[in-house]
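Chain lettering (A, B, C, D, E and F) follows the sequence in which the chains are written, and residue indices restart at 1 in each chain.
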Amino acid sequence: MINTTDTAFVLSSAALVMLMTPGLAFFYGGLVRRKNVLSILMQCLTILCVITLQWVLFGYSLAFAPFNGLIGGLQWLGLNGVGFEPNADYAGTIPHQVFMIYQAMFAIITPGLIIGAFAERMKFSAFLLFTLLWATFIYDPVAHWVWGVGGWLRVMGSLDFAGGSVVHISSGISALVTALYLGKRKNVEKGISPHNLPFSILGAGLLWFGWFGFNAGSALAVNNIAVNAFIVTHIAGALGGIAYMFMEWVNNKKPTALGTITGMVAGLATITPAAGYVNIFASVCIGLSAGIVSYYMITIIKTKFAYDDSLDVFGVHGMCGILGMLMTGIFASKAVNSAGANGLLAGNGSFLLIQIIAILAITVFSLIGTYVILKIVDALIGVRVSPAEENMGLDLTQNQESAYTILV
Amino acid sequence: MKMIVAVIQPDALEDVLDSLYKEKINLVTVSEVMGHGRQKGITEVYRGVKEAGNLLRKIRLDIAVNNSYVEKAIEAILGSAKTGNVGDGKIFVLDLEQCIRIRTGEEGSNAIG
Amino acid sequence: MINTTDTAFVLSSAALVMLMTPGLAFFYGGLVRRKNVLSILMQCLTILCVITLQWVLFGYSLAFAPFNGLIGGLQWLGLNGVGFEPNADYAGTIPHQVFMIYQAMFAIITPGLIIGAFAERMKFSAFLLFTLLWATFIYDPVAHWVWGVGGWLRVMGSLDFAGGSVVHISSGISALVTALYLGKRKNVEKGISPHNLPFSILGAGLLWFGWFGFNAGSALAVNNIAVNAFIVTHIAGALGGIAYMFMEWVNNKKPTALGTITGMVAGLATITPAAGYVNIFASVCIGLSAGIVSYYMITIIKTKFAYDDSLDVFGVHGMCGILGMLMTGIFASKAVNSAGANGLLAGNGSFLLIQIIAILAITVFSLIGTYVILKIVDALIGVRVSPAEENMGLDLTQNQESAYTILV
Amino acid sequence: MINTTDTAFVLSSAALVMLMTPGLAFFYGGLVRRKNVLSILMQCLTILCVITLQWVLFGYSLAFAPFNGLIGGLQWLGLNGVGFEPNADYAGTIPHQVFMIYQAMFAIITPGLIIGAFAERMKFSAFLLFTLLWATFIYDPVAHWVWGVGGWLRVMGSLDFAGGSVVHISSGISALVTALYLGKRKNVEKGISPHNLPFSILGAGLLWFGWFGFNAGSALAVNNIAVNAFIVTHIAGALGGIAYMFMEWVNNKKPTALGTITGMVAGLATITPAAGYVNIFASVCIGLSAGIVSYYMITIIKTKFAYDDSLDVFGVHGMCGILGMLMTGIFASKAVNSAGANGLLAGNGSFLLIQIIAILAITVFSLIGTYVILKIVDALIGVRVSPAEENMGLDLTQNQESAYTILV
Amino acid sequence: MKMIVAVIQPDALEDVLDSLYKEKINLVTVSEVMGHGRQKGITEVYRGVKEAGNLLRKIRLDIAVNNSYVEKAIEAILGSAKTGNVGDGKIFVLDLEQCIRIRTGEEGSNAIG
Amino acid sequence: MKMIVAVIQPDALEDVLDSLYKEKINLVTVSEVMGHGRQKGITEVYRGVKEAGNLLRKIRLDIAVNNSYVEKAIEAILGSAKTGNVGDGKIFVLDLEQCIRIRTGEEGSNAIG
């Protein structure tokens, strides 16, 4: 039976998640140099358009149509059979199409996250091909594993409320692979200052706003789970910001705005898989640990291993996806969500184990899959712009535009 | 005729302009520059990673004057831009061979003011 | 009977549509030169304020109060009689006031669209008088024709779900008239580069987000029509972006961000009249055709006829409004909306004819009406700033402000 | 009994109000000099994070737990006992936690408003300590007086629908105190131009959008009160903008964009306490008076008394909070809200008197309390940055970042 | 060799560049500056409070030329930047001792063009 | 004393500054300029309509030095800004008549460094 309140709620949530892609574009766009800001924004716009089409044509079917444990079937190609009747496997009180379009927004933002890793140096054509292949061969299967009917991780009992593994681990690990594959940007050792931090802060604000739709909307109905997800999301974002800020304050004597929004996003990403399963106390712990972990990833690990994960996709999203899945394994409680599971603190260590298996499986799959895709794209059209193009900037060389005028 | 180029602290701009106007030196061209000097830049920190920010924001003034105004202009700038702290800036004086007012085509000293 | 879910849905939609006006302001504002950006933003703000008042005082009554086929009555002046009881003529499940405020947002954004045509050269006072006259003598009657009880196009059976004709054709045609009347900007042949493309992209993102409220909200209830409208809107926006991007790629060897957002907005505008009547397949066709048509309008037609429709209001909104009305005539299907109509593909060519009559009527009316209004405004206060003011920029000369500081 | 429509409505409203804090950050951030924009944004981000924690730990309990007339109890520390069951004292149809998180957003934005008064010269550490103390010792008690069960102003019959006194008077008066205490910025007499007015306009747009959640959401249910609040909010914002614009036009020959958004925000702030109690006609009067009062406050009073309320928090929020409470006392009508009161125009002067008592009480309390807090903070860590730091800018000296790059 | 520095109205930039190119003067460096001159600034108003905005946006061109091109360059600028209104700007000529092309290391007159 | 003005590629800035510092030339003023030279601009395309973008972003350095440092400065710039590609930029040398440190009022050679 369709419930119009739930329907309206998920539609609004879909709109909010859609807004996260422009939000992400600004979050990332502010961090690059002026000569490359449009390339970031353009990649986000392109993903918004192209993945929508991919999803309608075959992506949704591959991810959610029943078939086997590894991949969805082809019966929903072109959204054939995806109508107004609810699909009780996914959401019994809203039209199937509403579930489809809500999930589309997740399929869009996930490859969007990756672009931060290869910022300022990837060819536009290579980016486009990479994104299409990645969405099809990494995202769709992983979404099927975790959320699809018959997906093996779902069957095994792994829980990922709103995409900690599907969205954040998959993109974060793939980001690391692309960063290593493409190599460093020229001059990166000398430091590349963000060209417009207010843009990044605007993006962070829009991301937080949209994240309410991302996490609360994942309840797919207006109920206590949605309420809980809304609240723990807000709290984890806040605590992530606080933790990063104080890590900086202690270590560098000053907190920074960029550090604070980094911690916020880390907190929001970490709570994502847990939002429907953990209580407020857990969300405080999750937020704090997210800020601390992402701080160390960026300042210590990245510096030590000297990879150029340009906008810290691995350090923030990858690690926080992993952390969030573990935290779900630790803090999940049937008292919060009877359809969920009890975690380690509720005495059920085996659930944590399942979460670890999910993390490992998705990590390994994303790692290998992304590498193979990069190899193919590189062989076909080459992935990296020439040094001259890198000097001149991607905006001019890939898109023939300038973000800002200088003289008039 | 001389071309006086002064690099000053951004904060001193209003005062320097006022002092120049008082000396009837009303025509100036101002631009934004970054300077590296004795004044230490502040190390910026992005996501906890430090970056030596060795350039500081400064303001540059270009003032073309007749010879009789050179001293006045320098005095005016010294009087208003000096705080005594490192970073106050410099004044450079170059020889100016010709000056033409575009609107009228006037040349030389007449075109300066 | 009031349905609170529908009420909340339409209120949220109204909030979303309200946000489109700032969104439009940034979409346009980024495209002009630095010296004129505030004039664009200020015009949008002014419209938001002034049309709200006009709507409350008499605009709503002129547009929606029953009277005759051409114009509404005066019985709802000052919102007299517009209360909490639903008005079944418009929306039977929400308070009449909710319908009124939702429609206010449409009345606001429509004159906002026009300002892109006379950007960088119209006097502020002339703009204000023009806007008030235009809203009263063009928008209100046209809204009445199409949506008002007894409106002649509504009676004839023309369908415009969310404003393809009322909003986009009326503003797009009027835009062309103002561009021709005011003449070109100085130096326009030498090319005027957008001063801040990220702002335009931000605007496009907000527009897309708000468009969910614009189109889905036009169902005025949470039902399958609303769900359908939401989804086809998203798809058409995406396909519009893809089409424009590839037109550029083929013709200029590089896709651009500005082109992509132009195509997106074209797709969103084109689906607007159709959103409640066509299915997903149609939305793909509509999006693609929108991108292609707007591309040719801007690159070929505008270049050929050399009018200075500064921000392409006619090329995007005018043409896409027309295209969307035609597409509705072609793709509409009672299978999607039993209260709608069957279009050409469903064997009903006469409906397409009705759509064409609606297009022609609104085009001719907007064209003549706008010309007359411009003549009057010009005679009274003059429409164009002086060449010196144009050089100096409208921000300083019309509003005595600068958008950005240069030195501090 | 939980009503899911009301729950979804208040959750969405909470999300909207959350977005107001980034909106405010940009509204303020655009007005300062480039060297201080991050300090403004950072302070807003910090408040978003830190007050969330304060609220969860003890702020909510202090403000809303039953205790006595002056302050809330401690029984809800750590949100203990704040569960999914509705609390009929506050909102009988939504989970208690939903009310709590909605109120959190109000507790966040209120100290955010104050920062405009001490912009460009307060130490970050001092700001943080000040904010925590202020939220705890001023906001929480005042919220309790007005909205808490047993709060003395609530008991007395004072009405403040969405925070005219709790939010705007408390922050506006405290702003004036901080401006006087910290003293003027260096060079302020020479005029400090806004470094990025488009940012301020973006912020104003987001504020207006969020204000729908702020005021309509304060009905805590989807009903006629919510509908009324939504509509009068929109109208008052519009009329505030019109009034300020015309005051400028008359007095300076040109209207400005900054003036218009100032008037908008003034209108929105003034309608806040009244939104659930007054009709549309009243909202027109309220909007107009808001624009006029804030215009005179900024141009005449502030100039005359020469205090450096840097971003006009007192002139806009303080005065408009007071004005709004008075207007509620004048225009309130049981015809709009039977649970409300009749005001002066409905023949009940005694209600206006109660409103005046509320204004005076909150003004005096905020004034003294803020002064004491500043004294303490000053004694402990000092409130103002050194002149050298002020010259260099707070972004570099307090947060070791630059908002924009200049050369690359 | 001479260094010609011209301060012009932003609007004239395209025309000035075109005129220079016509004279085969193809190498120029352009920057954004603010000028204070006879042309009155516009008083800006923020929230109703007036602020004397005494600096106006201008464009600066730096053109290094061999002596034989000095006249041509000046003529080109005068011909294209002159509107006859206050604010048209100025042309300054300074002596240029040396010019080196970084790419080749060429010096003097050969390096100019 | 000489005033050295160098126009270089934006990307070379860090290297050029490093090379100058190595020669103990620590005081420089840097600004953002646009250059028209032999290096072809990229045609920009807005909504499918082409626009000849004939100005490219460059960085300008102003370095006042005593005569004995002129060669060192030029060598340092040549050594670090040269890629051999069109667009590397130019170095201009002008005579500097006077230099004053605002902070101390020192004049001439002493004020330069």
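One rule holds in what follows: a contact is a pair of C-beta atoms (placed from the backbone, for glycine too) under 8 Å apart; a residue touches a chain by one contact, two chains touch by 3 or more.
Keep in mind that this is a model prediction, so the values were computed, not measured.
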Third chains touching both subunit F and subunit C: A, B, D, E
Shared interface numbering between subunit D and subunit A [over half = same, under half = different]: different
Length of the line joining the C-alpha centres of subunit E and subunit F, rounded to whole Å: 18
Distance between chain centroids, defined by C-alpha means - subunit D, subunit F (Å): 50
Subunit F: positions in contact with at least two other chains: 10, 30-32, 34, 44-46, 53, 55, 85, 94-95
Residues of subunit C whose C-beta touches two or more other chains: 5, 8, 12, 35, 193-194, 196, 202, 252, 254, 256, 258, 400-402, 406-408
Chain contact topology (line, ring, star, complete or other): complete
Interfacial residue positions of subunit F with respect to subunit E in the complex: 2, 5-8, 31-38, 54-55, 58, 60, 74, 77-78, 81-95
Complex contact set, residues of subunit F against subunit B: 3, 17, 26-31, 62, 64, 94-103, 105, 111
Complex contact set, residues of subunit B against subunit C: 10, 13, 30-32, 59
Residues of subunit A that touch subunit D when the two form their complex: 3, 5-6, 8-9, 12, 16, 33-35, 193-198, 201-202, 204-206, 208-209, 212-213, 216, 222-224, 226-228, 230-231, 234-235, 237-239, 241-242, 245, 252, 254-258, 260-261, 264, 280-281, 284
Of all residues in subunit F, those that touch subunit A in their complex: 9-11, 14, 32, 34, 42-46, 53, 55, 57, 85
